[in-house]
């Protein structure tokens, strides 16, 4: 089987989308690691939904002495304090989210449709149980929605579909998908293949994608 | 000046009757959870409770081990991850109390939350198990909507229109309305009989400050509960908190209990 | 003409209504002066709508050195800082008001009806222009509404009426009236005369009041 | 890091076009009013503005004298009260700038406010005069409802149900609805193109703290304006404000201007 990009490389590619000064919510999953790949010439301000703006890097093994249970991000990992950070309550945190004040969110997905519909909160088609968390709030309010995911399920079923069969998290919200095979933009005209992983052809990616991909004029191999 | 300070957690929760609605915080990790009040309520034993909180499925890593051993068996790899040295086991290996103990103890009839599961995929939470057994009624609400509904309860509003959840299964049973070209769902306020709050310091008037990411739902809960009980690390005299930095004004806090030195925080 | 109570005495009588630990919004007008008559054995916490809880006494002439333009109450007077006070924004301030977290408000009135309807924001029956301010919020949300006012207008027209002719501020909200002639409670059965000013008879007060007053069992001369 | 600091008030308001919606605070006294931004906008001259603010009728005591002299004549006793020594004249005798200067200058077509008059009974405000002349469209809103509508604008809500104003003339033109036995009116969110904010300190990221009773509407305005401009006494480096005490997170602030030392604050 051909090599696909690992989650770290997906996170690196996602990080390239952040602009200087952007306020970004990473949720958890692959996207959360994008925080580690911000180039030094850019300031990106991270938001965590329980009420932090501007937290510092995620602590790594060996930094136990810095760990503070009052300074963890939404994914439950310890983060470092950073000059200029601030705290607020959970309602004010979602004033930022719902009110359109954040620039980018990076989410995982179970399915994404041709129209940018996102399904990522329940594997039960009827949506009983399931964990919504902040998944429905983020894509409604945040300006740019990036999905970071594996292109297909572990048992090789297609995730990028014409119409989602799993319960939707939010219709018509996804702007960009970064997968282990490709970078795909959601446009009014359809899905545009912008970049492909090294060693993969557009035809091979199309075969693992249900809707017809439009090839970008500047289609190229993914650069990091 | 009214005395708001209670000597023990037992006394602070003694009058909570069966059938009460309790609001309490839990999110990822132990920060911000009123663990001592939860334990006291478990001991007190009130039944038929309705719990309202962000992640009512949450249990600690150690809690997961214990819970799984007593129910559906082993969790692959969890024991190793907890026992491993380092940062990850520092989080996962903590043994802390979450609202789940009230669910396991059969005290809860209804849960309103944004997250019913544990934080580890494949590990069923006491809440999920109770829901499947038909023992608990569950209402799942998007996280920001839950926070806003609690705020609306405290603010005396009749409801609000939110764009979150439109054209998803969440909208079933909710009124959808187009306002100036955009669709919204009508959301109703949430209030509680008792609110459990975890703060850093209280002054004798009940003014509260918090620490970092542990603030979260706590200040909202304080506004929406008829009786708010706060557990804190320190109780100080009025004037010792910076008036510009008070987060919860004392008007919202009815009872204060100091956490014993050396207790799990 | 017989002597009526002056505004200071009205304020003193209003202050007797405050219980230990009460949170009170005084607005401006006669009620504002009630803050000066709290007995030392009671703690009353004052709320000002632009976002202060627990401010200290109102500064008086000679205290110019203490005056701070960042510490004025809603009526625009300088107040002293007090240990335990705190600040918040205007929306959070009305969370307290509308959400039922304050115990008492003292308001002025143009008219009060037999049912406790309050009219105090506009002299124009059609309610064009006029200054609502916080007048409509307070009586809706605050547990106990006390009206402090002169019993009749300066040109001797009746203010306590069967039905208000001026635009309402809030229907069925007034609990108690303290006037320069009487203390009157609004009950489901009607207006109950509880106390009368020294030198005034219940009959004389009735003559200046449109609805029939019920005499309280413990009707007495006003004590301060 | 994006530079948010503007050197002058003129530059900070230069791009405000005719027809803009401007949110700005004014309440009793000069505290919390973005006086320098108001003056700069008067100079800049943008017209057909909509102003949203708490007390748009407000003018200072000295302002009242000047305004009355140029219009409806003398105010009995005001001059004496201003000239008298003591505390009262300290308040009334202040000459400070309020949004009224924009109204007097003919730049405003609509005002949304809770208070259209001055603070002195019998003294007509520039706003009241302009409304009577038919020059300005006025919308009067209860104060707490106004604050909540601005918050709703910043929060991305479609509206909310408030119990305030039910069964009064205020309810005309508003939807009344009974929710769980109580009547409420539907209130819509308010947003602005530009928000003028007066704060105490800003850091370079735009985080703001305020002082005492001058906080008021300012933090709400910051959330509801597409472009928020803050005038502050001091600008400091990130990290110099206590993260637990920041009131307005920097994400809500686009431009910062420092008030000159010695200028009216």
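Letters A, B, C and D mark the chains in the order given here, with residues in each chain numbered from 1 onward.
To be clear about the criterion, a residue touches a chain if its C-beta (ideal position, glycine included) is under 8 Å from a C-beta of that chain, and two chains touch if they have at least 3 such contacts.
Since the structure is predicted, the reported quantities are computational estimates derived from the model, not experimental observations.
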item: Pair with more cross-chain C-beta pairs in contact, given A-D and C-D; value: C-D
item: Chain centre separation in whole Å, for chain D relative to chain A (CA means); value: 39
item: Euclidean distance of C-alpha centroids - chain A vs chain C, Å; value: 56
item: Separation of mean Cα positions, chain B and chain A [Å, integer]; value: 27
item: Residues of chain C whose C-beta touches two or more other chains; value: 87-88, 94, 98, 140-141
item: Multi-partner residues of chain D (each touching 2 or more other chains); value: 148, 151, 155-157, 162-163, 210-212, 243-244, 247
item: Chain-to-chain touches, reported pairwise for every pair that qualifies; value: A-B, A-D, B-C, B-D, C-D
item: Interfacial residue positions of chain A with respect to chain D in the complex; value: 20-21, 23, 43, 45, 47, 53-54, 81, 83-88, 94-102, 140-141
item: List of chain D residues in touch with chain B within their complex; value: 148, 152, 155-163, 177, 179-180, 182, 184, 188, 209-212, 242-245, 247
item: Complex contact set, residues of chain B against chain A; value: 27-32, 54-55, 57, 86-88, 90-91, 94, 114-117, 119, 128, 131-132, 138, 140-145, 147-148, 150-151, 162-170, 210-220, 247, 265
item: Contacting residues of chain A [partner chain B, same complex]; value: 48-52, 59-64, 67-78, 87-91, 93-94, 97-98, 126-127, 129-137, 140-141, 167-171
item: In the complex, chain D residues that touch chain A; value: 1-2, 151, 153-157, 203-205, 207, 223, 237-241, 243-244, 246, 249-252
